[in-house]
Amino acid sequence: MTPLGIAVPFVDAGLLAQLLLGALAILAAVTVTARWRSVAAGTAVVAAGLAAAATGIAALLGAQGSGLRIPIALTVTAPLDPLVLAPDRLGGLFMALAGVVVALAALFGIGYAHGPAASRTGWTAFAVFAVGMQVVPAATDAMTFLLAWELMAAGSTALLLADHASREPVRRASVWYAAMTHLSFLFLLAGFGVLAAAAGGTSWASIAAAGVTGPAATTAFVLLTAGFATKAGLVPMHVWLPRSHPEAPSHLSAAMSAAMVKMGVYGLLLLTLRLLPHGPRWWSLVLIALGAASALYGILQASVQSDLKRLLAYSTTENLGLTTTAIGVGLLLRESGQIPVADVALVAALLLAVSHAAFKSVLFLAAGSVLHATGERDLDRLGGLAARMPWTSGAFGIGALGAAALPVTSGFVAEWVLLQSLIHVPARSDRLLAIVIPITMGIVALTVGLGLLTFVKAYGIGFLARPRSTAAAAGHESGAAMRVALVVGAMLVIALGLVPGPVARALAGAVSAEGVATVGGAGLSLAAVQVVLNPVALTVLALVILVPLAAVNVVLARRYPRRDVELAWGGGGQRTGPRMEYNATSYSEPLVRVFRGPLQASQLVDVAYHDRAPLLIEQMTYTQETGDVVEERLYLPAARLGTRLGDLARTVQNGSIHRYVGFSFAALVLVLVLVAL
Amino acid sequence: MSNGVYLQLLATTTGVLLLSAVLQVWGRSTVRAIGLLVLQGTALAGLVLTVGVHAGEAAAPLVAGLVLVVKALVMPWAMLRSARVIGVTRERSARVKPAIELIGAAALTLLAYAVSGPILGDRTDPATQAVPVGVSLVLLGFWQLLVRGSAITELIGFLMLDNGIATISFLTSGGLSLVVELGATLDVLLVVLILGVLAVRLHAEQGHIDISELRELHD
Amino acid sequence: MTIGAVTVIVIHLVLAVLLSPVLIGVMRTTRARLEGRVGGGIRQPWRDLRKLLAKQPTRAPGSTPVLTLAPILLMASSLVLCALIPFVSTVALTSVPGDLFVVVGVLLLGTVALALLGLESGTAFGGMGSSRHMVIAALVEPTVLLSIYALSVPAGTSALAAIVRARLADPASLLNPASLLAIFALVVVVIAETGRLPVDNPSTHLELTMIHEAMILESGGRDLGWLELGSWLRLTALLGLVANLALPWGIAQDAAPLGLLVGVAAITGKLLLLGAALAAVEVFIAKLRLFRVPELLAGSFVLAFLSVSASYLVF
Amino acid sequence: MAIVIWIPLILPLVLGVVSGLRQRSAWTLWLPVASAAVLLGAGVVLILDVSDRGPITTADGLLRVDSLSAWMLAVVGVVAVVALWGGVPHRTDRSRNIGRFAGLLCLFLAAMSLAVAADNIGLMWVAIELTTITTAFLVGSRGGRGALEAAWKYVILGSAGVAIAFLGIVLIFAASRTGGAPSLSWVVLLAHAGSLDPTLTRAGAALAVLGFATKAGLAPMHSWLPDAHSQAPATVSGLMSGVLLSVAFYAILRIQAVADAAIGPALMRELLLAAGLLSLAVTAGLAITQKDFKRLLAYSSIEHMGLLALGAAAGGPLAIAAVLLHILGHGLVKSSMFVLSGRILGFTGSHDIADVRNLLRRRPDLGGPFLLGAAALLGFPPFVTFFTEVAIIVAGFQRGLGWQMMVACILLVVVFAGIARHVLAMTVGTDPDPEVARTLPAPPDKPARFRQVPIGIALGLCAVVGFAAWPLAGPLVAAVAALGGGR
């Protein structure tokens, strides 16, 4: 009997419902006329997402299905185990996460999708992507996993392509995306291949039962980590992220950034907790290093971006980096035998993943709403939207609070648990821990600090002050479906932050962590940590202070009302034009000075003097560019090398029949010698 | 047929085969090359007859006659016709220095002897001992494809290759089953005809048949 | 216990609101005297505050609620800080235990409110101040968290009250290297967060060098009053925190009236002394160039890092 | 049931002769399609029959259809239907001697049926070489210097390569003579595998595989392939890629089965691994900077043949089943891709990738299927190629080919990047010059629906076949068993 008392087939029914609803969505996308297509297909996808959420939550709470078997033509023989869908607790969590995000994104998409994204292809691709993604965590064997994984990849690539089919940046983004996705897929394929070879089967159960060790385990770990890290957008495999997220339609960006990259996290957890649970110590150090580098690099890049969606994309790298760091710390501690603190770190990883899903979907959807209203995603051309788009700006604000990890949002809770796990590492007895943990702490702290700056900038420049372009000045609030999605998402951010206790307890089950308890209905208490976190109580305290303060303010406002003036700003003098405002580029300029190296920053001041009066300046142009050092130092040389090799390879096929005969002849001689030896 | 005569005939026919092959590589005249092809076909027919009669196969003269007709008459005739139509009697120029061609040919013959031994194992019957000649023919035929630039010479190289395979076939096993042999012979004949037609069209298209200039299709 | 904790919180709030203008007054007066000026007197901040709160603020078309909310939020954040930090007694609510990470979170809320206000004005100075303010806040963050880390290792918890109690119980630990390094790093943090010299000059009105002042340049009347009071409260809270961490003597361990009285006296004394000392030091140093501030913060980060390592490896 | 074997051999011949006689009649164009349908029908009937009653033998043992042959016959049939139906030219652009063209296609199909139905390596060789002859004219049928050059290279390289295979067959026959049962029949050779002369078998099998690798388009014997595929009419390219290469690979599989039984799997494995990896490497190197989309498709065929070779090298039931399924999937997709490329060529008038831009918007009827087909070629689900690719790699790892599979994975990434880049440039890239886009001829006003049907069928089949446990699993298992269980 399951804890919920749900009958066993619920999970199976839920899985089946997702697949059927997905099919229904595709059917709707193909058959319904353009006018009602978004509504019909979008509703079906929302339903599929909700089904996934329900199924996932049931599985997270312990419900088990008997397994949904996929029939394939390839005769199922060793080492290929049957293809079965049956989420475990961890899988349930990620399925629920994906489902909620998909439901939000699709709901938003009903109002948002236009042009190619609302075409037959667009909605079909979105449905394939959504269902594929929801099913990934339900896979119980490598083939099913890869199948769902590739459906997710194919759907998202197709949708990415569908939007603005004739814009050059989209094509370039989609080539990057497709190539990196396939790289990830082949890493995974090779990794699972190694595991299947060592274990004699492809199902998780048989791999776990085989207890693979030695070089096979190491190879598999390296390959699979590389594959999952690519999907999770970790440095140095993050390059597809800041290219594809901005170009994708916003509901897809939201789903990709909030849910799809999480499948990389799920994979890492699956790998390190279930498939190869007894890895050596350096595995966890690899994860910590990957995570810390991604966190710091991601947020550093995010803080200097002026493209809103690109900023959010880099911030995804940061958050996934933090999550990976938490996983690494958890594994390091498990390996050191510090189980209670390790459990806290793992719960922190899950909380980070869940909270990121919540706030990042809100942020991307709000960015989509801005894009929808103004056609701009360049912060340098936005501004003043808080007055014009109150719902959007409110939702973005809450999302930004979450992303900046401020109380009382989900982001704060997640980072609180991560920090608590770090400071409670019993490092006195272990020199390695005594070095690694403080460094990790420092990096996490710097990340948090820069995150604050990033989101103050994003919100302050994008939504406050005065519009910096006519498009921004013409901004208007979005339609009902989009608003509902935004509000629900923002409420999730707050709700997860207000009641961390029950959330964390449910998550703890997914990684079988002990010592996570609820206090006072909402608060969170961790056995390994001697402090409780009760955001509700904190909120009450703050309200107790705030209410009298507000009352005093109201009284004062009655007595001394505000004066409406035409020229309040600009030192009380002349109204400054929008071009005089601080913009996103100038906002991050001090930071660029500090981190010139890793940002590949170049600044150029171009001064044009007056013709006849050389001391007078006619015009000044300031250009600041930042680049991605990983892309410039790693990928572009690799691409150039590839092209050069390609040119070299062309001499193989230079058209000379004598050369071709020579190949055949050489092969003949070689084979003759070979068989004669 | 006594063993001595058998050995003598075997040695003569295979010797003529090898000789004609080396002469092919040496010479540059197309007409003479076709003549050598006739010689080669005749020697091959002789070999077939010798091996067949020695093995006591009744169909041996028939098969030998077929070989003679196809390899020594029809194919050379077809080629000669193509060559006449095109009007080429000599290759335009050497792609590779003649010395290198010959040194290569010698090396390949040695290679043929070197690899044949291990492949054939410890068998000692005289026919098997002559197999390296067939392998040399194959390799030299390929060599011809590799170093010659004229369409007709390439064709001759291909036929030499085919003669080599036939030699090996008769020396090791007295030939395959009749259906297969017939089919294979027909195929080769058709290939030669097609190549002849193509060579004529090549000449019509570009005024010469130097195939090393066929380099329009490339990457 | 709960009633005691509530009493302590109320005392904290009242004390902070009453004490912070006095603290500012003492600091300004000290500075004025050392510079050979007369100064406005210790009660001048009070008078300023009363004047500001009774003035009408202005509003321009197109302004957002941030204009009204940010000052209140800064105030609320500073007041919650004062409620959470153990000034007088180590008694705390069990459900809101004054966890250092929560304290930092609340502090940062105030920081963000100020930064958004700076951007809201839409002027170049506001944005500039906001930008510099946030860069410093971001770079300070590692030092803050690592100092907390260092301080919480011996106590085994990040709850402030427990840390202070542990330090009180083991006075020897106050002078060990880990503790000294951490306190020093924390002092740098407080200076940076509250905008004191050498990071920012609180009394400057030269636009190009200012940080804090630039953000509130456009505010007036009641808004400015709240902003000033909020900033003073922040300074009070953070100085009080450093004071009680460095010199925990005199703080009450329970909510008994006598202990509380002693605690009030002790913290008042410590704060005023510390404030005077800070002001005295400020007289002798100049403001750093903005782009050398990161170096200062990097130094403090190294100190904090060493203190953590020291707490593990040395002792 | 022996008569069913004769139908796919005789009927296409008859139809070929008919179309050769009625050169001017337009309906002759449909005769090859009918021949292909006959092949398909015969294949399906034979699959069912063989699964009930075991292999069927006729013509004195020269022809024998077991489950593998029946599978191949059906695959050849369905792929040929797609390629030929899709390639039927529209009424307005038919040349005069369509009858000869159709006749040659019918002959080609007859030869293919003979190759898979023959229980004799020699006869199979004859059949495969016959295809060289028929296709030589087809490749060169467009005329012009390029077609002539391609045909010349194709015939010379193809014949010389296949001659090597004949040498190998001769040696295998010699090996069987030593063993006391001189025969070229699969059944006999497999039954007496233990008594074959090992050194001769070794040399024979190696040379035979090398020779057939030429026709299968495996590197380093692949050189003819890009030229021939790019110059041949689209239908012929599709047939060569989807049918001819596969049948040649079928020959390799048969020889591998015999060799594995006689001398153990080491030699064949090494050869196939080398060929497979080399093929992937060639594609990887030449796809990146490719400029011609038909050549790109040709290289993609080399890549897929390389994958098949890797699968055969791995061996084992999983890999062999995957190989057989992959032959079907690849054939379906590649033939439709070539048909589409022919239409693209008709639309833009150029082979150059650079001249084809933004197809998805300009000609969605071409761009959409082209993109889908490319996804299938690159191994995206739900297309069957996904399952087979994964199964081949996993089986490879399981059979101890660890590092080779890693190398294969790396090469596959490069291949993917190269092909994806070009296909995306063709389907979604911006128009090179807006003026050019405007002056291009408007989409030809042709009834497109009917011509889309075969492509839809092919891509649809490819998408669902992967999930068709019933009815495909049974025939697949039987076909693998016919190869000796894929040791």
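Residue numbering begins at 1 within each chain, and the chains themselves are lettered A, B, C and D in the order written.
One rule holds for everything that comes next: a contact is a pair of C-beta atoms (placed from the backbone, for glycine too) under 8 Å apart; a residue touches a chain by one contact, two chains touch by 3 or more.
For clarity, every value in this text was computed on a predicted model and none was experimentally measured.
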**Asked** Between chain pairs A-B and B-D, which one is joined by a greater number of C-beta pairs in contact?
**Response** B-D
**Message:** Based on mean C-alpha positions, which chain is nearest the centroid of every protein C-alpha shown?
**Reply:** A
**Message:** Can you tell me which chain lies farthest from chain D, using the average of the Cα atoms as each chain's centre?
**Reply:** C
**Request:** Averaged over CA atoms, how far is the centre of chain C from the centre of chain D? Could you give it in whole Å?
**Result:** 77
**Prompt:** Taking each chain's centre as the mean of its CA atoms, how far is chain B from chain C in angstrom?
**Reply:** 99
**Item:** Between chain B and chain A, distance of the C-alpha-averaged centres to the nearest whole Å
**Value:** 68
**Item:** chain B-chain D separation of Cα centroids, rounded to whole Å
**Value:** 31
**Asked** Residues of chain B that touch two or more other chains: which are they?
**Response** 118-119, 142, 145, 211, 214, 216-217, 219
**Fill in**
Residues in chain A with touches to at least two other chains are numbered 649-650, 652-653, 657, 661, 664, 668, 672, 675-676
**Request:** For chain D, jot down the residues that touch at least 2 other chains.
**Result:** 152-153, 156, 160, 199, 202-203, 226, 286, 289
**Request:** Report the complete set of touching chain pairs.
**Result:** A-B, A-C, A-D, B-D
**Item:** In the complex with chain A, residue positions of chain D that touch it
**Value:** 152-153, 156-157, 160-161, 164, 199, 202-203, 206-207, 210, 214, 220-221, 223-224, 226, 267, 271, 282, 284-289, 317-318, 321-322, 325, 358, 360-361, 368, 371, 375, 378-382, 384, 386-388, 390-391, 393-400, 402, 405-406, 409-410, 412-414, 416-418, 420-421, 424-425, 427-431, 465-470, 472-473, 476-477, 480
**Fill in**
Residue set of chain C touching chain A in the complex reads 9, 13, 53-66, 72, 75-76, 79-80, 83, 93-97, 99, 101-102, 105-106, 108-109, 111-112, 115-116, 118-128, 130-132, 134-135, 137-146, 148-149, 152-153, 156-159, 162, 217-218, 221-222, 226, 290-291, 294, 301, 305, 308-309, 312-313
**Prompt:** Which residues of chain D touch chain B in the complex?
**Reply:** 62, 120, 122-123, 125-126, 129-130, 132-133, 136-137, 140, 145-146, 148-153, 155-156, 159-160, 163, 166-167, 169-171, 173-174, 177-178, 182, 184, 197, 199-200, 202-203, 226-227, 230-231, 286, 289-291, 295
**Asked** Considering the complex alone, what residue numbers of chain B touch chain A?
**Response** 95, 111, 114-119, 135, 139, 142-143, 145-147, 149, 211-212, 214-219
**chain D contact footprint on chain B (complex, rising order)** = 118-121, 123, 138, 142, 145, 151, 154, 158, 161-162, 164-165, 168-169, 172-173, 176-177, 179-180, 183-184, 186-187, 190-191, 194-195, 198, 201-202, 205-206, 211, 214, 216-217, 219
